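You will see two complexes here that share subunit A, one where it goes with subunit B and one where it goes with subunit C.
So, the complex of A and B:
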């Protein structure tokens, strides 16, 4: 179990108060770190672009201009055109919306499926919890991309099935973290007190323990979000995305690959945007983890790695 | 000794149970996919309805799911994984052709990542202010932010098309480097954190006080103590490679298990999907079990 749990801590952010070999290099905590500002700026930019970009841009992401196919960047088309003469920039802006919706949707779905299911099962009883975690172990044994691939083919291509597939594929992380946090909280005095007062286990979970477990789950959500977005683009790239003519970034990349020699910009622009977004989200995720992670902050030895 | 044996047995039993559960799960999921191999073949080859029905009966697709499942399990236990519905060759042959490619890709990438991570973590612990030390964070951010298939695409574009150095398809070196960098980025950060933390331990101070060379301290004392973290991360990365290799294989046209899985799912080739998924699940479970076991052996202290 312990090895699964560690995957979530892939970036291994040094939690507050962890001693280092050289104590003199401090001072970073005083001012806002560059990575935080950079991450915030990029994510805000992409969210704004996703919200308002398609309106401001004024180009139709679906209108084809077959005379101007695979054109490089120009004043009329800032990021050039693709194989059907469609404007890459407006497709990119429209795709940002889908990419963010699918990524966030996948994380929320994983949170509900993974954490909701496992916590409720843990609260109801150990037998149910054993059954639920047995099932989660099965899910965990399949590589995420492969599981999502099978699920999407089974559910049929479409926005909701991609979100559900991502949610199920990423749910084990939330389940394991939720279990670790649950075990920690159940040992706390306030839980004993609530139990003595006659509160049911479900009530203890949702009224008393949730605020303490929530922090760990939010942190994990921040860490999983970029991975969700990357997985979505991988699936789109493999041809199993939202739908063939909906321009998520993965789809744009997949469509442009066969013509990469003639129109490299149609590949490079979405690849660049995707990497920039995941980079910014990963940096933000690290800061969220450092800020609200009660598991690490509450552990004086600082050695706990859920 | 007895407890060690018991631990090993429990691991094996759990792994066997997991394999069975995954098989059931995949069987149900695959049957839930709308359309079957006959539908795909019918579209490609223009079969009439009666021909398609006869074909289904011949392939055993009309039997109930339970019958299909027991039949498949029984033959799988005998080592017969069935025949591909599309290629009409034994699934085992297809799998055996593909496994060496994936294994070579995975092993080479993992070895690259492992060596790179250990080397960088060592130097970064020795020289905390050097350029190498900042490589820890750069590699880590790289592995999180740059999806391997994006890196692969850019590499194809730059090295194959613009510079003309490498052939696009069948190339092995580029995916190994990309997956290796990804692995190194995931391993190096936790390893370096652990080594930094171990550097403050009392016995390290003792070693330093008695004048032991820093290199000897890092290699002889800190690195062995950080072995559990190194093992755990390497195991995790190895397990994740099984998924990550899929995209790289499809992208670079390597005929490995990933390409096989992709084609099998798209072609609704039930026996092939089941065999590939069974193989991948066994591989993941095996890697996880081995990692757990190796950790238990390296770090004999009980958990918590």
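So, the complex of A and C:
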């Protein structure tokens, strides 16, 4: 192993005639990385499906064909049919709009409630922060679904109630991440320097801490979004979802799971779409982080210097 | 006579975006038994990689030049199998590193760690290994060698941790010891003790040593021969006395001169031009407590009844070991730490009555520059954005507009408008520290607190920064409170020196008095420990070396 290592270590060394640092020719056009293109393509595809999906597909997502229940993919039904003989693909396309609105709305709401509230409280003062985090710990102690249930009952059913309920149920994740990042920022030398220049805590928050905290929140958002979508299905199952008759991906998964042995495609297709969306969002999130990070973006090589 | 270690054409390269980047380029040297080779260079010169290459512990991405040869006794270390190499590590060549805390396992007692390395190298029982460990602890000068092995690394001081590292390095009975900046993380007094220990170990055991450091004075006090590295190339090598007294390359001349310049005093500032020197800072019996750990712990007194005065245009050096409370005084003045009792007067305004809060007007007149230039600038803000901060937070309204004031401020510290759009990571450490100084000077303060501002910088840049501050002092009547542990730096800039020890100021007098005739035993210990760039001492060592060679 070691001799092999040694060989590997000695190979690839620049020849004696070459300069110490070979300058880049500069003639090569900068290509966008594959992961960025892939993420962009998938997200664009889903957004287009959400906007125009119901128009593209000729099938009626609600028409039942009880003779052709739980059929696998076929030329007539590309993604097969579900337990009521409804076309899975058209339900997927039809449900994309609501699914994405619920997911994105829930995440944005969670961001505002979780990160916004906790960071503002932390910036204003330790007492307020203690109170806010007491409340957030209380939310965290309740099961998410139970809390959402109570909220929807209180707010009345409907899309906005579901989004708000999901947002509040998922807000603790953002709050804890934001608090950890804030504490790290407050210990940084540049925050100390800003304090000696007389900067207020709020200014430290938006000028110094926010740009550094944002990256972690973006990553978390990409992870929480599919969880919002799946949690909505539980609410739908309890009759407190967005609307009992509109298909959402979460609802489709929940409905098809009991029949997974007979019609695996009815579960796999929406699960695959959800996974693809998560992956695409995570990839995009990474590129957004890199683009706003001068340590990586300021230097075309993309290396972190320190 | 064959050398103990013979390094030929050592080359190390790393893959970079535009090809391979050579960081060590055809470096050759040899080391005889019982000798010390000093490797000097600034950060990024490849000196640490040279040391790591000897043990074949280079990072995985590194590529070695095929022509490299590292001959130890009669084998080429680069041809050995990994198993054979492992048996050489520790028993042939051993290494000690800069950060002892990072090199020791935090969850194992130090005794267990040393016993482990003893048993790896020699076949002996656990009991015997413990006995040997105690003997090594004794040899490394640790107190109570029989029982100190039961302690965990965090229970030891930095100097003791480094002694444990030395004991561990000696466990395999090596004949070459590679010391990579072994004292850089330590206080001056502790540094002197560790250097003494290394010298005596070398004499007792006949060790050959490779001593790597950025500090020319430390290296020359240890080494018989010196090699100066710059950007991976040898710019100068030879016996220590010759290199110091007659350096050939301009780079080495610059290094020696930078160090020499510090050992004289800066041109004295003309007393303030205004009527009578205004008192910028006065501390009277100031006490600062930190809360102790745990709910019932007593607070820890960091500063105990400290009294100081500093008038405009003067520079006061505040020195002491780490933990002596000198940084806490600096923090208390700018409001980062809250005093418990006593009083603090800034430009005639006592702060105790105001709840220790600095008004905006007072904050403009009193600024601090922090130790670490790598951390004090937000990596997300450009230099321009960083320099705009004081205008917003301190409500400054310069007559010719912000932009021209910022450019003028940059030019004042020797930078130009081209830096405005850059991010901190695109600047060197010295440039960053100058940006920090420019930021602190934007409000044209009357008092500038410098908390170890040059200790993270290379020697040649240290001088530039100090010279800059000194010019500000003469030009503007700026009062400087210069906190540091490096007495060379303090001697260069300070008119008066205050020595701190465990939270109290034990001596406060004009700089020459403190340095030449220290009154307090602790000041004397600090001054004796100061590494000096002394041409006579190493050349004596060199004579000894010659004599030894003649007899050999």
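Going forward, the second predicted complex is superposed on the first by the 165 of 306 C-alpha atoms of A that agree within 3 Å, B and C clash if a C-alpha of one lies under 4 Å from a C-alpha of the other, contacts with A are read in each partner's own complex, and residues count from 1 in each chain.
We take it that a residue touches a chain if its C-beta (ideal position, glycine included) is under 8 Å from a C-beta of that chain, and two chains touch if they have at least 3 such contacts.
As the structure is a computational prediction, the values presented were derived from the model and not from experiment.
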Contacts for A:143 in the overlay, against subunit B (first) and subunit C (second): which applies, first, second, both or neither?
first
A:194 contacts which: subunit B (first), subunit C (second), both, neither?
second
Between subunit B and subunit C, whom does A:226 touch in the aligned arrangement: first, second, both, or neither?
first
Of the two partner chains, subunit B (first) and subunit C (second), which one does A:203 touch, if any: first, second, both, or neither?
second
Once the structures are superposed on A, label A:153 by its partner contacts, choosing first (subunit B), second (subunit C), both or neither.
first
On the A-aligned overlay, A:212 touches which partner chain: subunit B = first, subunit C = second, or both, or neither?
second
Could you pull out which residues of subunit A sit against subunit B in one structure and against subunit C in the other?
2-3, 6, 9-12, 14, 18, 20-22, 303, 305
Would you mind writing out the residues of subunit C in touch with subunit A in their complex?
11, 13, 15-22, 25, 58, 62-66, 68, 78-85, 334-336, 358, 360, 363, 367-368, 370, 372, 374-382, 389-390, 392-394, 423, 425-426, 436, 439
So, in the complex, the side of subunit A touching subunit B is made of residues 2-4, 6-7, 9-12, 14, 18-22, 25, 134-135, 137-139, 141-146, 149-151, 153-154, 156, 226, 230, 233-234, 237-239, 253, 257, 260-261, 264, 267-268, 271, 274-275, 278-279, 282-283, 302-303, 305
Subunit B - residues contacting subunit A, complex
18-19, 21-22, 25-26, 29-30, 32-34, 125, 128-129, 140-141, 143-147, 149-150, 153-154, 156-157, 161, 186, 189-190, 193, 196-197, 199-200, 232-233, 235-236, 239-240, 242-244, 246-247, 250, 261-262, 265-266, 273, 277, 280-281, 284-285, 288, 291-292, 295, 303
Mind pulling up the subunit A residues that touch subunit C in the complex?
1-3, 5-6, 9-14, 18, 20-24, 188-190, 192-200, 203, 207-208, 211-212, 293-295, 298-301, 303, 305-306
